[in-house]
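Lettered A, B, C and D in written order, each chain numbered from 1.
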Amino acid sequence: MLDDLKLSNAQIAWRAAQDIADGAYVNLGIGFPEMVAQYTVEGRTPIFHTENGILNFGQAPAPGEEDWDMINAGKKAVTLKPGASFFHHADSFAMVRGGHLDVAILGALQVAQTGDLANWRVGNKGVPAVGGAMDLVHGAKRVAVLTDHVTKKGEPKLVESCTFPLTGVACVTRIYTSLAVVDIEDGHFVLREKLAGISMEDLQSVTGAPLHTDGEVGDLIVPAL
Amino acid sequence: MLDDLKLSNAQIAWRAAQDIADGAYVNLGIGFPEMVAQYTVEGRTPIFHTENGILNFGQAPAPGEEDWDMINAGKKAVTLKPGASFFHHADSFAMVRGGHLDVAILGALQVAQTGDLANWRVGNKGVPAVGGAMDLVHGAKRVAVLTDHVTKKGEPKLVESCTFPLTGVACVTRIYTSLAVVDIEDGHFVLREKLAGISMEDLQSVTGAPLHTDGEVGDLIVPAL
Amino acid sequence: MDKTVSGLAEAVSGIGDGATVMIGGFGGAGNPIELIHALIDAGPKNLTVINNNAGNGQIGIAALIDAGMVKKMICSFPKSSDPRAFTDRYLAGEIELELVPQGTLAERIRAGGAGIPAFYTPTSYGTELADGKPIGEFDGRPYVQERWLKADFALIKAEVADTMGNLTYRMAARNFSPLMATAAATTIVQATRVVAPGGIDPEQVITPGIFVNRIVEVTEPKQEEDLIRAGASYA
Amino acid sequence: MDKTVSGLAEAVSGIGDGATVMIGGFGGAGNPIELIHALIDAGPKNLTVINNNAGNGQIGIAALIDAGMVKKMICSFPKSSDPRAFTDRYLAGEIELELVPQGTLAERIRAGGAGIPAFYTPTSYGTELADGKPIGEFDGRPYVQERWLKADFALIKAEVADTMGNLTYRMAARNFSPLMATAAATTIVQATRVVAPGGIDPEQVITPGIFVNRIVEVTEPKQEEDLIRAGASYA
């Protein structure tokens, strides 16, 4: 049933984009979070940061037009917008660690009600790779997560405490899922919006820790995408 | 008697300049040490660094030609040589603290046989001001001092241990005085050169700690300046 | 996005009593004289001011001190060409001084901007300026632990700004300014020229716009050294 | 003063067995392919290599690993487009990995160049990458103490170099290179264009020459991503 109701990744990204203010400095994690840029709200011009040293990059160039010296952290070719700048890695992570980004939007394997995030490694097999994830979770004024509400096996991704290796402790402030928008406040999940078609009980049953409310729970309404 | 023999400041600066290799990166302290630049050995091109963010600056401009946005750490107007660069203060002191300078040449109130230097403050009266002195003593591969051998009152400036507030501990490696060239090695003064006209005994009598020797002591020979 | 404001008064608005203010400049180079004088006009009290020096002559930071607005200076060298304003108040016990070695001052400000709460440096080890600070030993050598420096506001003089806040500087007027721009909650810039986005080559941006909040164009900025040599005064 | 050398072989001379080598580049941007291949030709063993990634395809750092010359990688992301060379050896236990968060890697290298033996960062606190590292608390928040990183050599790709070693870079090929240039005892640069002193505007120098030891001109440098897409191999 949830599979019929739930938002697509594009719709989750769209919802996250609604919360990005005009002029905000934003870092989008590699992969799914990068989709958020496509749904920038009309009339707003966020400035996108990439760890490898560009502020205010834009869309991918047309195929064949790539310059591989102008890439983002996902190693995809990008273009520049007017007012862009290049800088080295220490300056780039000064922006991150120094709290200069307004928002970082990341993917998640698990998010705990304490705000702990696990998103870099499932276990201890294979080659570990961390990139900039552990920096980004401590950098932005607001750290948001995009994620399916449950795993492919139907297990909660919003949990009491993470079982996968942590990326950071008490760092996430908002979660955009395929079913809901959940804030993290004082070590609790606080439900802000949910799909109208799902009951509180059903939502709680696929969430690994108590969903609190604080005033009215809004309807999570997104366009068809 | 010593007053008749002793080198002028210009001659001390000249002697120090002889030890600056071609292509060396050099910081000259404000005041007396700045004179060293005037005696650069023919055919050598040291590169001068100033704390406030210039590498490879040159002579003062002609009077009236000053641009007060192009000054050295002593707030004197300078010119640029080809291959100069500007950078901010953190990068400038990364050059210093990171050990990238080949030599820093500083003034001294006292130098101890341990290499301790006192050169920023006589006592605890008046307004204290430290500038970059405490950074420079830990920055360069070689930290040298230019100084009269004794104070105006005839007291030794090369001492067992400094009585004035310290600038740095175990930092000075060579001292160019008005009477001698003295290295600091393993907590001892090691005499390298002395004026031919002064005896070992007389030199020792105006030096506040034992002068050791390690091989032959050369004659300190400088031109009339 | 346009960070320009209408004038100097708006640029310095909101700097209240007790604020900590970083001010760019070294000697006469890079001091944002017009912003400082606008701040004197605004008149907040009990400021903590961070600059390499402590003002010269009767303009800029010296005038700010003369106006009785500065409670404390954090600087490396409060003795420049004519430091009377600071000296008089300091000897009278009317102004506090936190003396910081110049490289440590620069690194503490950079650390503030870069989210590094503390670091170790060889500088000042064994001296009175390390008194009371934690000492750490690394690879057999002692180092002093220093803390980051942040500010509520930074006042910065730039050469060119675009409206998004990207900045370039002029020669050695760069000095502490790019660091201070990163370490203040609100960074206020006076620029000799303001251009549209794209007007600065992305390769040549020294301060990226993310560090800048307000920009005011001052097309013919005063140079502190020139003012001092001319005997100028704020009043 | 002229830091240019006659060719690639001379540029990488003296890099001996057991050396620690920083190599600039992030993804395909900024990797000094020609210097890396010259290093493979020279053939030292048991190298420790520091780069954000751990090589891709069959060229550059991947080829260095395939040649059996690398004992240890220090990097943040050893899983790029085609990381087979590293993956195979890592899973076979034939190569060590020190995994460092990207911002911490950058800051550790900067610290190495700036004479800062240790610093505190919020990054990795509470994670397995902080295991065994000292924790410090500042203003009520916990931080991880990290140490500087230095190297014997750095291999750097620049856009323009003057003969005194002043450098500019090309777009996002800048990445770690200006940091690594400061943190190595010997910094070796391949530049697309070498000019006389004065050929780079002093305002636009990114790496001042003090950090550079050897320069070799490589007028048409290979771009790693292009090589990988073309299926190129070192051998």
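What we mean here is this: contacts are C-beta pairs under 8 Å (C-beta built on N, C-alpha and C of every residue); 3 or more make two chains touch, one makes a residue touch a chain.
Note that the structure is predicted; figures quoted are calculated from it, not measured.
Participant: Compared with subunit B, which chain's mean CA position is the farthest off?
Facilitator: Farthest by centroid: A.
Participant: Calculate how many whole Å lie between the centre of subunit A and the centre of subunit C, each centre taken as the average of the chain's C-alpha atoms.
Facilitator: 36
Participant: Just curious, how far off is subunit B from subunit A if you go by their C-alpha centres, in Å?
Facilitator: The answer is 56 Å.
Participant: I'd like to verify one number: the distance from the centre of subunit C to the centre of subunit D, where each centre is the average of its C-alpha atoms, in whole angstrom.
Facilitator: 34
Participant: Spell out, as numbers or ranges, the residues of subunit D touching 2 or more other chains.
Facilitator: 107, 110, 114-116, 121-122, 169, 171, 202-203 - these are the residues of subunit D that touch more than one other chain.
Participant: Residues of subunit A touching 2+ other chains?
Facilitator: Where subunit A meets two or more other chains at a single residue, that happens at 54, 86-87, 90, 93, 96-97, 138-139.
Participant: By the document's touch rule, what are all the touching chain pairs in this structure?
Facilitator: Between chains, contact exists in these pairs: A-C, A-D, B-C, B-D, C-D.
Participant: Under the touch definition given earlier, write down the residues of subunit A that touch subunit C in their complex.
Facilitator: Residues of subunit A touching subunit C: 22-23, 25, 45, 47, 49, 54-56, 80-87, 90-91, 93-101, 138-139.
Participant: Within the complex, which stretch of subunit D touches subunit A?
Facilitator: My answer: residues 26-30, 52, 76-81, 83, 86-87, 90-91, 97, 99-107, 109-110, 121-129, 169-179, 206, 223-226.
Participant: Touching residues of subunit A toward subunit D in the complex: what are they?
Facilitator: 50-54, 67-71, 75, 86-90, 92-93, 96-97, 116, 126-135, 138-139, 165-169
Participant: Quick one: which bits of subunit D touch subunit C in the complex? Just the residue numbers, please.
Facilitator: 107, 111, 114-122, 136, 138-139, 141, 143, 147, 168-169, 171, 202-204
Participant: Across the complex, what residues on subunit C touch subunit A?
Facilitator: That would be residues 1, 110, 112-116, 162-164, 166, 182, 196-198, 200, 202-203, 205, 208-211 of subunit C.
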